[in-house]
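Below: a set of structures, written as structure tokens.
Here subunit A shows up in two complexes: once beside subunit B, once beside subunit C.
Up next is the complex of A and B:
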């Protein structure tokens, strides 16, 4: 799994950090997403997919290949 | 369960369809959308689409390839016209579709005003085409009248001012954003707009939109005055799209009425702006018109739909944000009908603040301006665990809760108490 974040689209909601804190973080100053792991281990897949789904800015793209 | 039909192809409908596939549903999945465009994101319409920071292509929710991977029967430009629960058939403007489970995600439409149709220059900022049309009108020196100082109106006004547009914002209530945020926070936002040069006029209702036969010329207020305009934005709330369900046997009120599982009837569910359901976390029936809720409810419904016997109540902490000038406003929880607002960090007239909302004896919401992520996460967690209000007053920053003391003020039904600055507001 490859994870990409579109930083200009991020609205700093922090939903991804709530769901997958090992994969996503937020910058302290403005809450914008920080991608911690762009190819997370398999046990993170479900959480990463859920993060992409509920991201209110549609800023997370998951590619499964 | 071989055929699932999702009606509504915006954020909620798409999230439901995508979740169904992710959860392993391999049957026929039909996504019906009234608009001709593939699913796109609406929050940027009153923000980055108007500023030009994002293009139309950038607000598409999924690429064509990603949609293909979902193996959907995607029917765009098709409107649902009715449903027969007994025979499990959806009727549309382009024929009937049988289903085993039905998801209603038809959203809302903006409230309108007399004179709004038939002339150019009137915008609702609900659809991408409309927002792109408005963007063309936002030229320096042009006169924009914004009817309604809710989020659509306030965000649009903020962008317009940044582009040098003359903005008059008319609000029927005494305080802008009061219904959503409470009077005190609303007052602060009203002041912010005035500081940025918006001619904000409260307690002014609009009776009709005026035009010269082809183009808008202004609006007429309830008292008969005319406010001239080169363009008008109508942001006076929205109406759930449920008329097509009338006579179906489904319960309709302000939205499609659902239980705590977001279920309206056996194998019929509601998702997003259109769905009114009971949120057990707050114990109230709510209908949430926020982007995040649409996706979260889509996921919850996909789970419940596939395993109705193991259904889980949908009990989210609602979240929304709003961008206005240099402020990013973020809110968690349920703010309506609150009993009290306490400003627990900063003050409402500064860009950075945290305001906590009480209902009964429990913390039910928080609104923060330009707050750091760790602060917000702490507050969200506190709302999710129904933190007693006394802990807000006596938080770890040794809050000096001067109840009824020097900081107390009364406006309308709710109390505002200014509590001393909290050192570490996110931590309980």
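Up next is the complex of A and C:
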């Protein structure tokens, strides 16, 4: 799984951080998304997919091979 | 759009008899038969598109060709309204973005986590007072309303000595029994108070939100009045809404005692349970209002520039194509509860959602831990805000 975030789109709702805290964080200065792991392990897949689905700005893209 | 067509049904938020926690049953029919349909907002009021399905609701709310500017022609409102720029929910980008960007850090998950212990302390204090007072007590007045107001005071940096003043006036703002004049007076008092506080913090900075709004005034981002309006907007957005969710959450859990144990099964289980309560109860019962700025399509429907839209969140959150045939049931273990749009969707999605979640996670398990015998007091009836934009109990008489 490859994860990408579109930083300018992020509106800092924080949902990805609540769902997948090992993959996503927020910048201290403005709460905007930080991608911690762009190829997360299998046990994170479900949480990452859910993060992408609920992101209000559709700022998370997941590609699966 | 301001014409009344006799063929267009009037949108009603009226709930069905005996189902105070469920959206009107007729939404189910709309979702099935006419998911995007013309409705009138009332007698001699404008018409708008009513959007009732989850997928369409998200598509509209994420569309950059819809506006939340309530002064724009076609904006679906019964009466024309204006709001100051600091109430940035009603502004489009770039003004919306300017205000939101200043605040996003304040509502970061880790900053809100730091408020968990203070929130628990505030809650304990309110519960102590209520228990000392003894039953029968209105839970809304005793706990549900003061808690979020005190937490917002904490977040803003309103000095403890001013909490009573702050709370008294914020209570008037959401009281349905006071006159418009009383409301305007309270609003002005709060606005003036917050503006004075902004000016004080510019001279003597502290580690609080008001100080950081003051820094933006110094930087020329916006005026001191705008900063005060932002403070008032945060109060408006986070006070009664959270109070409604606390009150309705208690009522929903009283209806489902078999599921109470989910609140104590662990942090992940508690978080899921709160998401399900947010989905099931979706307090924004009047939906979200938008106006199209360009022509676009949703599903098979063409929306024209200038058309108003009402996105009915409580219908979308009961959409059986997303939440299955059990969409109308409360299931605190629901695996996709988090897909709800109770906080809206798109760039205007609730900024305070981490705060709301944290408050509900603190309050709901503790209410039932401290009062295992909690119930609606015998011989008393819950009064609901049937006509308010945000649904919830106005009066929740409890004994324990």
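To be clear about the criterion, the second predicted complex is superposed on the first by the 65 of 65 C-alpha atoms of A that agree within 3 Å, B and C clash if a C-alpha of one lies under 4 Å from a C-alpha of the other, contacts with A are read in each partner's own complex, and residues count from 1 in each chain.
Keep in mind that, in the parts below, a residue touches a chain if its C-beta (ideal position, glycine included) is under 8 Å from a C-beta of that chain, and two chains touch if they have at least 3 such contacts.
Being a predicted model, the structure only gives us computed values, none of them experimental.
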> Between subunit B (first) and subunit C (second), which, if any, makes contact with A:12: first, second, both or neither?
Replying inline: both
> Is A:26 contacted by the first partner subunit B, the second partner subunit C, both or neither?
Replying inline: both
>> Tell me the contact category for A:58 with respect to subunit B and subunit C: first, second, both or neither.
In response: both
>> On the A-aligned overlay, A:50 touches which partner chain: subunit B = first, subunit C = second, or both, or neither?
In response: both
> What part of subunit A is shared between its subunit B contacts and its subunit C contacts?
Replying inline: 11-15, 17-18, 26, 28-31, 50, 53-54, 56-58
> In the complex formed with subunit B, which residues of subunit A make contact?
Replying inline: 8-9, 11-15, 17-18, 26-31, 49-50, 53-58
> Once bound in the complex, which stretches of subunit C touch subunit A?
Replying inline: 62, 100-101, 104-110, 112, 271, 336, 338-339, 343-347, 349-351, 353-354, 357
> If you look only at subunit A, which of its residues touch subunit C in the complex?
Replying inline: 11-15, 17-19, 26, 28-32, 50, 53-54, 56-58
> Within the complex, which stretch of subunit B touches subunit A?
Replying inline: 15, 18-19, 22, 41, 43, 53-54, 58-59, 61-62, 290-292, 295-296, 298-299, 319, 321, 323, 328, 330, 371-374, 376-377, 380
